[in-house]
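Have a look at the structure that comes next, please.
Letters A, B and C mark the chains in the order given here, with residues in each chain numbered from 1 onward.
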């Protein structure tokens, strides 16, 4: 249901994406990895229609995000949830107001109480119960990601996108976020698309891995096959980390507030 | 209220610090010259783009009234002394605050947020002396220079409207410009804008240097700079005008 | 020069997008009044101070210029005419550009660099309708009111200076001032103010939306917002004055 066909995108003289074709398997977790600046975020932005390709199509639920008018784009986006790098929360609002924002705008049939109940439910899911009233500016980095994730899933979307969920986090918090994503995956069973440069976490949680390098899609395989690929660039990238994991780690209970 | 007084005190200490640094060696001549040049060139267009149309409006409104009394001849002198005494100093300073003060606060603020100021201090270089003093001096020098340009533009705007758009005789206009002018008119504006420039410089460096809270802090520093500078010099303007031009008339 | 033209073009396109967004999405209710009050209340103290000291100088300079020529009558007339027709709207506009305009540019700029504008889009909310519309309404509602307040404060300050510092006759001053202004001048002042308000709001928001990266980007956006809107307002002022007052006195 999400597919890039022959997508090419340049910024000035730099070609960031060259003739990329990629089909995202529904209901599973796909990671898009690669060194910095290879167009991972750009790919994500194409999927949600924040960027439009120079050539090619971006099909989401049958709509071509590259050419659709705003009203069509909006219809498709209501089926997405996205976690931005720093959470992209609105500082002028409380945590609860942030998370209920999509509900207020798109679920007007819900009463105030119903909305509050839904928000509290999602907050509990991401491991931050009871902080509905907190001001957003008082949150730590890890907490912002969790709140951002709660907002991304509050409309119960079919697809959740993660833009570098581990960026800017210390190792312990980073592990906690990985664990959270794993939990969400098991709890929700919907399509996840994760952009990452953190190879360990990715291998643990993703069902499929796509690798971008130099503007090309150099590999796209189920995880088990990906880690055994002989492609030199893939090998080099994987070996940046010490050990290749044998399988998913034990998922610890969420550690609560950092 | 108490906050305002504390803030004024802090500002006073800051300004004293800047003043002290201005007279001690080393002097970063190159930096100062470069700042003067940058500030003046950046503000030139905004200042003239404001005084010229205002001169036009003065001519427009002035002629409407003077034509009723048959006193069109007086338009030129009205425009010239109004521009020199009030309009140009005030408008030029507003735009210097908006452009020069803004960019000074923005530059220092960004440096503060990105810890460049801390880095300078760690390298045992006096950050205020290197970054702030040249900018304060630049604004103090640039403002009167820009005032001169603004005055010329203002009178030019009046001329264009009166002569080309409303058909007043050009020669008479130019001759009458000088009728009521005195020496105070010529240096009064310079005195005013030098003071205003200094005020803008101190306030913009103060807010920029003390910016905090990320990118939003830089925005706030710029905001506060423009607002406080304008309030400060509009208030000073009253006292300076009373002193320079007195209540006794020419 | 070319980049200025390109910039004007981009601004035009942005305005078109804004217009479309407002037509399609309307505005978020309830936020309107809050925005309007915020802009008005925060700007008031500054407006009062600036209007007062512009009034004082209007009186001082008017006295210097006209007393030798035509006595008190001309002073009152000059203060009233110049103040009401030209200075008050410009003061109100300049102050809104300085306070509200810079705030808009920097608030939206910060949201842009922290991807909050993108987040709005991804959550299927049009950022132009959501962010710009309430501010625009707030300004359009507040500016005429602020202009009228500016007029009164300015004239009162001028009156005070004339009486206490310059020793003029209070009654005569008021009489001559009243003679020169007509009610329509207040209306024109409000019209001007609304033009200025629209310009300031759109330009400031435009620079906020096109903010460059990092703190420097926000600083630059704020800087450009206040300078550009001030200059454009004063340039437009000539044309509006020409329209309202030129030849139709």
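The rule is simple: contacts are C-beta pairs under 8 Å (C-beta built on N, C-alpha and C of every residue); 3 or more make two chains touch, one makes a residue touch a chain.
Values in this document were obtained by computation on a predicted structure and should not be read as measured data.
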Farthest chain relative to subunit C (centres taken as mean CA coordinates): A
Innermost chain, taking as reference the mean of every protein Cα atom displayed: C
Between subunit A and subunit C, centroid-to-centroid distance (C-alpha), Å: 44
Computed distance of Cα centres, subunit B from subunit A, in Å: 50
Chain centre separation in whole Å, for subunit C relative to subunit B (CA means): 19
In subunit C, residues with contacts to at least two other chains: 114
In the complex with subunit C, residue positions of subunit B that touch it: 46, 49-50, 53-54, 56-57, 60-61, 64-65, 68, 74, 78, 81-82, 85-86, 90-91, 94-95, 98-99, 102-103, 105-107, 109-110, 113-114, 180, 214-223, 226-227, 230-231, 234-235, 237-238, 241-242, 245-247, 249-250
Complex interface listing, subunit A residues touching subunit C: 45, 48-50, 70-71, 73-75, 77-78, 80, 82, 84-86, 88-90, 101-102, 105-106
Subunit C residues touching subunit A - in the complex, by the definition given at the top: 24, 111, 114-116, 118-119, 121-126
Residue ranges of subunit C touching subunit B (in the complex, touch as defined): 46, 49-50, 53-54, 56-57, 60-61, 63-65, 67-69, 77, 81-82, 85-86, 94-95, 97-99, 102-103, 105-107, 109-110, 113-114, 165-167, 214-223, 226-227, 230-231, 234-235, 237-238, 241-242, 245-246, 249
